[in-house]
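I'd like to ask you about the structure that follows.
Chain IDs A, B, C and D follow the sequence of writing; residue 1 opens each chain.
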Amino acid sequence: MVDGESTTARLLITCPDQPGIISAVSTFLYHHGANITDFDQHSSESQDGKFFLRLEFQTPGLDCSLDALERNFRARVAAEYEMDWRLTYARDKKRMAILVSKHDHALMELLWRTMRGDLAATIPMVISNHEDLRGEVERFGIPYHHVPVTSENKADAYAQMVSLLEGKVDVIVLARYMQILTPDFVSHFPHQIINIHHSFLPAFVGANPYLQAWEKGVKLIGATSHYVTDDLDQGPIIEQNVQRVSHRHSAADLKSLGQDVERSVLLRAVKWHLEDRVIVDGTKTVVFVK
Amino acid sequence: MVDGESTTARLLITCPDQPGIISAVSTFLYHHGANITDFDQHSSESQDGKFFLRLEFQTPGLDCSLDALERNFRARVAAEYEMDWRLTYARDKKRMAILVSKHDHALMELLWRTMRGDLAATIPMVISNHEDLRGEVERFGIPYHHVPVTSENKADAYAQMVSLLEGKVDVIVLARYMQILTPDFVSHFPHQIINIHHSFLPAFVGANPYLQAWEKGVKLIGATSHYVTDDLDQGPIIEQNVQRVSHRHSAADLKSLGQDVERSVLLRAVKWHLEDRVIVDGTKTVVFVK
Amino acid sequence: MVDGESTTARLLITCPDQPGIISAVSTFLYHHGANITDFDQHSSESQDGKFFLRLEFQTPGLDCSLDALERNFRARVAAEYEMDWRLTYARDKKRMAILVSKHDHALMELLWRTMRGDLAATIPMVISNHEDLRGEVERFGIPYHHVPVTSENKADAYAQMVSLLEGKVDVIVLARYMQILTPDFVSHFPHQIINIHHSFLPAFVGANPYLQAWEKGVKLIGATSHYVTDDLDQGPIIEQNVQRVSHRHSAADLKSLGQDVERSVLLRAVKWHLEDRVIVDGTKTVVFVK
Amino acid sequence: MVDGESTTARLLITCPDQPGIISAVSTFLYHHGANITDFDQHSSESQDGKFFLRLEFQTPGLDCSLDALERNFRARVAAEYEMDWRLTYARDKKRMAILVSKHDHALMELLWRTMRGDLAATIPMVISNHEDLRGEVERFGIPYHHVPVTSENKADAYAQMVSLLEGKVDVIVLARYMQILTPDFVSHFPHQIINIHHSFLPAFVGANPYLQAWEKGVKLIGATSHYVTDDLDQGPIIEQNVQRVSHRHSAADLKSLGQDVERSVLLRAVKWHLEDRVIVDGTKTVVFVK
C-alpha cells in the first residue's frame, strides 16, 4: 500500500480501435489536471481490432469534481469513440463475498490476505452450503450464512442467496464452492463471479480432475481461475498455473499439491480483479498485470 | 560424459511387488563383483502393487562374462520374481531414426545435440515426407530418405519405411512428423516411437492446438512428449512443460513460443529414453530422472 | 496422510561408499520381516565417495521388537560399514518450536499447515522477542513466550531460551526471527535449527536484501531455507526458489512478493525435515524429495 | 513476422516525469497521421521520477517524410520535455557481431535463430580468440575473424577488433567470450555490448561459477545477460533465469544444465535488444516485454 493510493483513480476503456484515442484520452485528462502515473494499452489487431486501455491517474490537481470529470468524459470523449468504460477509485475497496463448501485452503488464504491488507477488499459475508467452516469464518468477525442446496430446493436456495448478495457486494468468489450455480443466479452478477477450477482447463473438465490427471499420468497438474458464465467451466480465464509431479505422487498427493496451486492462482486472479486489472473480451480476458 | 561411462551397466526391472526383491537383486550383483553406483526404486502401492527398479553398476570387477551374468540373473533372480527386465550398457549407443515433415526446430536440436555428444545416440537416417530439410540433414553427413505419403500410397509408404527402419534402429523420434502413423507401422516398434505433441495434452488434442489455445484465451501453453500407441495422442506421457503467455500474444506468437517448448520437452524425453530412464507402466510411465 | 502411516519406519544412513552396502541393509531387513516400500540412494562419487540412503519400511511383519531391531542393526550392519544412521517412526511426530519477530506470514503458514495435518508435527511453543503476534499464536492454543533480546541481555536471553527449548523440542524453525543467534545457542541444537533467509543466497547476504535486489535491478528475487550454523547465512541449504520481477516493481513490491516465496520455501524445507528427507553432508544437504 | 512489419516504427523516450507527456507525444503523432499500435509506459516514481515510453506506430498514413517527422518531433516535443529519445524502423535490421571463445552453444543458437528469421538481425562477422569454431561459422556464410588475445598483445588485439567493428555493427554479443574487454574497447560501444554471464548474478561473480555453486550446494543455478560496462559483471541486467538442481548433479552436470539456461537467457536478451525493447536506466534496465 503506497501513501498516494487514496488519490489514485483508474480508467478502463474498451472500444473499436482507430487512430487518435490515446491522444484524445490523455489530452482530456491533462487539461483537467489529472496526472497519469500508469498507462497500459493493447490493440487486438494491427488494423480494425479492439482497443483496450487501463490507466491510473492522481486526482489532487483536478480542476473539477469527480462527478463533473465523469460527466465531461462521457460527453466529450467516450461518446465519440463508442467507449465501454469505467472509472474507479483505489480508496473505494470492493465488497467481496466468498462462497465455499468444505475445503478451507482457498477460503483461509482470502480471509487472511484481506485481513493483512494484501487484498483491497472488505468481506461482508461468507455463504456456504455446509456448516463446517463457520468457526473459521466467524473468528475473523465475518457473518457466515448457511444456505443448504439440494436438488429439491435449488431454485429457492439461489433466490435466497441473490437476496443476500444483490446490492451488497461487488464481487463473488467461489473458493471451492462445489455446487453448480443456476443460470438465473449467474445472470444477476455478470463478470462478477470468480471461480477456481481444480484443473488446468480445458484439460480435465468436470468432476475429480486430480484423479483424471493421475490416471492419465500427466507430468504437470494445474489450476485455472475464470469468470463464471452459463457455460460451466468455460468462462473467460483470468489466471492459470501448474506444478510438476511424477510417478511417485499418488492421486491424493496430486490433490494436496493441487490445493497449493489453486490457492495461489485464485489469490492472483482475485487481486487483479480487485485492482481493476482485468477487462473481459468476449470469451477471453485482457489482464494488465504489474 | 564421465570417464567411467564405458563401464556402466543399467538394469531395469518391473515385477509384482513383494518383500525381498531389493535384497535378492543387490546380493546377486554384490556376489558377482558388480559395484552399484546408482539405485532408484518405486512401488506403485504400499501393498500388492508393482515394483520398478533402475540401477547402475560398474562392470570392471565382475567375476564372469556379461553373458554369464545375464544368464545367471535370468535363472536365479528374474524367474522367481516374474521380472520383466533389461540390462543395457552405456557404451552401446542407441541407433535413433528421426521422422520429420517441414518444421526444422525439433530436428535441428536433435541433430546438433547428438553431434555435440549431449545425446548418447547415433543417427543412421532421417526420413521425411518432404524434400525441404534434405540440405540441413545431409550437412551433418546423415542419410535422408524422402518417402512421400498420400492417402493413396499410405500402406506402401509405411511398408517402405518399415523396411528402412526394422533392425536398423532402436528408437524412432517424430520431430514434428505431421502424418498419422498406421497401426501396422506402430506395431513394429512397440514403445520405441517417441512423439512431440504441440500442446499440453490432454488439452487441445488434434490439429492446430495453438490456434485452439489462442481462441480459448489460456494463460499457459505447453507441449507433451509421449510414446506412440494406436490410440492417437494418447500414448504414455514421458515429459511435459509450459510457457506463460498473455493477451499480447497472437496465435502466431503462441506457435513460435510453443516451438521452443516443444524443442526442450522432446530433448528431455529423448535423452531419458536413451539413458534407459523410462519404464512404461500401462498407459503411464515411470521416469527415473537424475 | 495414508492409512499405513502409523506402521511406517524410516532408516537414514550415511557412510563411506563401498560395494555391498545395499545388499547388507536390504537383506538384514528382509530377514527380519520388514517390508521396504521406498528406497532412495545416492553416492557422492562413482569411487571412494560417500554413500547416502533413505528407505521406508513397514513394521507389521517384524519378527522382533523395534528395540531388538535397532540393537541388531547396530551390531550386525552399522558397525561393519561405519554408518552414521538413524531410525525414526512416522507415528512419532516431531516437536517443533517456532521463533519469530514481527512478520507473521511464515509463522501463520506453519501454524495453519500444522493444524490441518499437512505438517507432521506438534508445536509446543512459539518464542518471540516481541509481543506483537501473541494473539495470533494463542488463538491456536499454543503457548507464546516473550523473550526480549537486547545487546545488554543477549547472553541471558538465549540462556532462557535454551532452558525453554532443550529436551522439549526436536526442531526449531526461525520464521523470520530477526535476531542473530549466539554460537552457544546454536551449539545446543546442531542441524536442528531451520532458517528462512529472505534472499537467494549467496546473493544479497545480510540486511535488507530486497532493497539490495531492487537497487541492483535483478529480474528474479528468491528465498533460501537452510540449517543454521555459526557461520551466519552460510549453513547447508535445504531449499530455494525464485519469483520473476520487473522494472514495474518497487522495493516494497519485491518485499511483498518475496514474502510469498519465503513462505512456500520454508514450508517445503520444514516438511522435508519433518519427514526425515534431509541428510546434512558437511556444508551441503542431500534431500530425498518425493 | 507479421505483414505490417515493414511499416512499423518504434519510438523510445526517457525524460523527467511531468504531466502532459503522453498527451504531447500521442497528439503529435496523431496529427501527423501515425497510427499507434502498441504503447507501453513506465514512471519510476509516482512523483518527480523518470518517465519511460516505448510505442510502435504504423507509417503508411504519415503526412510527411520520416526525416521531417523526426525533425519536427525534436523541435516541437522532445526539446520541451528534455527527452532522450530514439526512433527506429522494424525494417532496418540491426547488424550484430558475435564474439566467442570455444564454447559453441550460445553461438550456434544465435546463428541458427538469425538464419531462421527469429532474430531481426544480420551478422556481418564473428570474432574469436581461437580458431576452433571457424568451420561452424563459415558454414553459415559468415566471415570469421581470428584475433588472438594474450597478456602481451592485449591493447593491439582490441584496437584491431575496434577497427573491425566500429561503424560496421550496431550491437556486439559476447556468446561466452572468455576474455576481459579493455575499458577502451568498451568505451567505443556504450550499451551496445551484451554479455551472458554463466551464473545468477550477483551470486558467484567471477571464474568457474558452476563449481562455486556446486561447492555451495545451491538448489537452483542460473544465468544472467547484461550490458557490459567497465565494472566487470556489474552492468545493467537485461534478463535472468534459473534451473533446479539437486545433490545428484555433479559440477559437470551443473555446467551442462547451465549452458541450456545461458543459451535461452542470452537469446531473449538479444531478441529484446534487437526489437528496441530495452532502455538503460543508470545501473538498471527497463524492459518492455511483449
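The definition used in the following text is that a contact is a pair of C-beta atoms (placed from the backbone, for glycine too) under 8 Å apart; a residue touches a chain by one contact, two chains touch by 3 or more.
Given the structure is predicted, the values throughout are model-derived calculations rather than measurements.
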Neighbouring chains shared between chain A and chain C, ordered by label: B, D
Chains contacting each of chain A and chain D, listed by label: B, C
Self-contact between copies chain C and chain D, residue sets same or different by half: same
Most distant chain from chain D, judged by the mean position of its C-alpha atoms: C
B-C against A-B, pair bridged by the larger set of C-beta contacts: A-B
Rounded Å distance, chain B centre to chain C centre (Cα mean): 37
CA centroid of chain A to CA centroid of chain B, Å: 42
Chain C: positions in contact with at least two other chains: 2, 246, 248
Touch list for chain D against partner chain C, complex: 42, 44, 52, 200-204, 215-220, 222, 236-242, 246-248, 281, 283-287, 289
Chain C to chain B touching residues, read off their complex: 2, 4, 19-20, 22-23, 26-27, 29-30, 33-41, 43, 46-47, 58, 61
In the complex, chain D residues that touch chain B: 2, 104-105, 108, 112, 116, 118, 139, 246, 248-250, 252-253, 256, 260, 264, 290
